[in-house]
Amino acid sequence: MNNKDKNIKKINMEVDIGGIRFKNPVTTASGTFGSGMEYSDYVDLSSLGAVTTKGVSTNPWPGNPTPRVAETYGGMLNAIGLQNPGIDVFLQRDLPFLKSYDTKIIVNVVGKTAEEYCEVVERLSESEVDMLEINISCPNVKEGGIAFGQDPIRVEAITSQVRKYSKKPIIIKLSPNVTDIGEIARAAEAGGADAISLINTLTGMKIDIERRDFLLANKIGGLSGPAIKPIAVRMVYQAACAVKIPIIGMGGIMNGEDALEFIMAGATMVAVGTANFINPRATKEVMDGIEAYMVRNNIGDIKELIGCVGK
Amino acid sequence: MNNKDKNIKKINMEVDIGGIRFKNPVTTASGTFGSGMEYSDYVDLSSLGAVTTKGVSTNPWPGNPTPRVAETYGGMLNAIGLQNPGIDVFLQRDLPFLKSYDTKIIVNVVGKTAEEYCEVVERLSESEVDMLEINISCPNVKEGGIAFGQDPIRVEAITSQVRKYSKKPIIIKLSPNVTDIGEIARAAEAGGADAISLINTLTGMKIDIERRDFLLANKIGGLSGPAIKPIAVRMVYQAACAVKIPIIGMGGIMNGEDALEFIMAGATMVAVGTANFINPRATKEVMDGIEAYMVRNNIGDIKELIGCVGK
Amino acid sequence: MSLADKIRLKIRQQDRLEDGVYDLWIEAKDMAATAGPGQFISLYCNDGGRLLPRPISICEIDKKEGLIRLVYRVIGKGTDEISRFRSGDYIECMGPLGNGFSLEDKKALIIGGGIGIPPLLELAKQLKCEKDIVLGYRDLTFLDKDFESYGNVYLSTEDGSVGTKGNVIDAIIEHGLTADIIYACGPTPMLRGVKEYAKSIGATAQLSLEERMACGIGACLACVCQSKDLDHHTNVNNKRICKEGPVFYADDIIL
Amino acid sequence: MSLADKIRLKIRQQDRLEDGVYDLWIEAKDMAATAGPGQFISLYCNDGGRLLPRPISICEIDKKEGLIRLVYRVIGKGTDEISRFRSGDYIECMGPLGNGFSLEDKKALIIGGGIGIPPLLELAKQLKCEKDIVLGYRDLTFLDKDFESYGNVYLSTEDGSVGTKGNVIDAIIEHGLTADIIYACGPTPMLRGVKEYAKSIGATAQLSLEERMACGIGACLACVCQSKDLDHHTNVNNKRICKEGPVFYADDIIL
């Protein structure tokens, strides 16, 4: 094959997870993209591999008091507390909006109890969403969230419970605030997860030294942004070594090069989070960056890069 | 008391840990300051609360292959692998050097086995060092290090073992790569630690996407620098809530304001690490920054600030 | 609606108004064409350590020259960095954002406190009706001269060095000012006082609020304030300051 | 010994030599006074996202004007940032660091490969003895003219576009060059070749090495290379490139 042939060869960015085909490996990180509406002015949602929504619960949640965010060096803390309008509004308003685009829809699911998770999962299963991402890793709520995500036994239990109620493929979203991410990943796999996503935010704190008080009303918040990327890449790598199910990697991805680190570490898809706040077209830049790398390095299929590190 | 009196009031920066009095709460983070020699051109070591040395083992350790460091966003990864000349050289060369300054000496202790830790502790106990910091949290060595630091039962066991061999106060240095830092802190306290220090580095990874290989020869490394500060402050706060023994806080401290976050979160002392690489006078700037804050806010004694957050 | 894109814009001029308060003119033709009083702009730092936007209200709009004026106080490292920019430098901006004030043709009282004063200047300029302007400061005044051509200006200072000693409400009472509508921006305690005062004189009030932000465009739910009624978008009693605000009718929100 | 302090220095001039290679003159009176060939300077980025130093070798020293010249290739985001500095801007620097070459009064061969060429210019200038200079490039050459007044210059390019087709060793063999001492800087495979060649002709060789650094002053042990004998300082078979190096006698190290 000569160089000319190489260059005109079509690049394949398609990936499969849980039997769903995504046109490219880039989605949004839950909670950083709303349900896509606000960013649809900046990015053609149909160009994305998938839109992953903010966490959805049975009833509307008001979230935490403000301040809810704090800037940190190379990152940010958030303690939104999973404010969301509830599943009814999601199904009536957000889902039809998302369905008007040619992209896959991943809905992030939250609950205070296992029953609440199951209820949301069951109702979404009847809808036109493509996949469900079970958030057992939010550090900013008193009940639910991270409480389910730090103990392998509970991870396996909640996974197999929601699995029963779901007709859609299930992604379990893992917390990085654990000693052994491989063990947690295996628990999710054992519970029947179709995929895992990681990392959710790392628990952090900022103190306002002038007021001598916590900066966030919630005291603690979740750390995200480029600051955490090395931890996220390490955990994706360790999880990829531990399980066979596909991985959606995230944590500090700002551009295509960052995304490629995750893919090479073993992620089949990547999610762009905090970067959206800094650059509303970040998702597009990530997609373009991956593609440019593939062209430059003559990679015909993104699958050649998944987990290729050190091989 | 009028304003004039307030301003001339002497500021007290002294703190006590394990019966040792430090002239101020600022020390160096192990491994970032050598044994002080290289930085003695930049900072008067006698002005520091203490110098904490690089990890010392029974025999010389060659450390890991290179590359040993990688830059990350707002931080760095290191996988030095505890290269050190061994305790003989430490006692013959570094200790006399340090004793020529009017500062306290904290020696960081590493070993591949519990016996090795105990041997170093026993020998240092006979020397003129002031305190020992037991590093059970280094992520960059195959044996020893972090392996001891992620399980509360092992933490308590190693603590009580080294305790027996030590005539000096013992600091246990904790790993942040755990699910529940409070539990680990309590284990160290139960084992007889006089103090705890945290955080050591967070395990991270960087991938060189051009070579499609790990950037560090060791694959993984420890993340340090301002990027990790919010995690470190949170863990210091949680540890302070969990134990009564004093805490030495570190992780991303670049200036006095950063140090004050740790102190307000509950740290009695703070250690300056990666910042030394970026500014060889960082320790001095941290001390000056704390003092300036105290003057500005009319704080007579640093102890008023320790753990004052939210009170 | 034209898109509030994130772009690099050229700085025309930057001056210091008083200690720590800066006056920045940005060449922003497209923004100037669509922006209204009370809207804000997200400014971004060059230093990669600081990622989140600094929201700053629009102080003046020069449509003819295609300029936007921002007046802000240095309170942290971000505003400090921005204050060092010089004419000819470029700054990353996104805007205009938020709703801005609704101009009503009723006897108006414009009340600004401290660094809440700047967004009221363009408002004072555009409001063609009868109006009184009350500006409250701690001690040193700024921008007050700029308001004089648009209405009667009353000042208050905490230390009494200029105008009424006390706060804006003290000045209003001293001068017996009334209105059918109040537009206000300033610290929350002041806004609470304004809300109460508006109620006592039966006036409506539009208040411009502040909260820490991340996205600035309504996606992250960082910047909410509590609303009296269920909000249409969020389906809870929360409104997004960056999107439904930063200006709210006093009756709609809980301060 | 004068202290290699970290200071902000003014840029006198910066030019592009060829695609991606920049030529930077810094006003550094104190450094110029003490620096020697083969020493390096740690450059720091302004962007707070990038904290570690960029070590760059000293290319030329102008003691009279108090200037230091650095020639470097843009390979990542840090050097890219630095390449955008203009005359009059300030840059944070620490140096001179490291040992530098030991000038020996013997028939010399100076061998540079690619971006390893710049540190050899000041050396060529200061070495007063008989010398040949061999410079190897991939394709485009740079700095070669600057060497011409200091010795016979031989070039090699991988594509053969200039000089010998091949690498520096090919050029040396083609021209039958010999020496009592070799000074070399370049990529590790080239240095391995030079070490072997030196051995074959019975010459000593000083090689300038590279490694990723953090502190730049010998404290962190990031930048080690393997040494044949137990190192005096580290008490293991490791030498610190930033402190005992970057220049080592070929026999002392394992490449």
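As written, the chains take the letters A, B, C and D, and residue 1 is the first residue of each chain.
Heads up, the rule we're going with is that contacts are C-beta pairs under 8 Å (C-beta built on N, C-alpha and C of every residue); 3 or more make two chains touch, one makes a residue touch a chain.
In this text, all values refer to a predicted model and were calculated from it rather than measured experimentally.
Listed here as common contacts of subunit B and subunit D: A, C. When the C-beta pairs in contact are tallied for A-D and for A-C, the bigger tally goes to A-C. Among the other chains, the CA centroid farthest from that of subunit A is the one of D. Inter-chain centre distance (subunit A to subunit D, centres taken as mean C-alpha positions): 45 Å.
Once the centre of each chain is set as its mean CA position, subunit C and subunit D turn out to be 55 Å apart.
Centroids built from CA atoms put subunit B at 34 Å from subunit A.
Chain contacts: subunit D has residues 48-50 touching two or more partner chains.
Multi-chain contact residues, meaning those touching two or more other chains, occur in subunit B at positions 73-75, 226.
Interchain contacts join each chain to each other chain, per the touch definition above. Contacts from subunit D toward subunit B in the complex involve residues 3, 5-6, 44, 48-53, 78, 94, 211-225, 233-238, 243.
Residues of subunit D that touch subunit C in their complex: 46-50. On the subunit A side of its complex with subunit C, the touching residues are 31-34, 37-39, 41-42, 54, 60-63, 66-71, 73-76, 78, 80, 83, 85-86, 89, 225-226, 274, 276-281.
Of all residues in subunit A, those touching subunit D in their complex are 73-74, 226.
Within the complex formed with subunit B, the subunit C residues making contact are 48-49.
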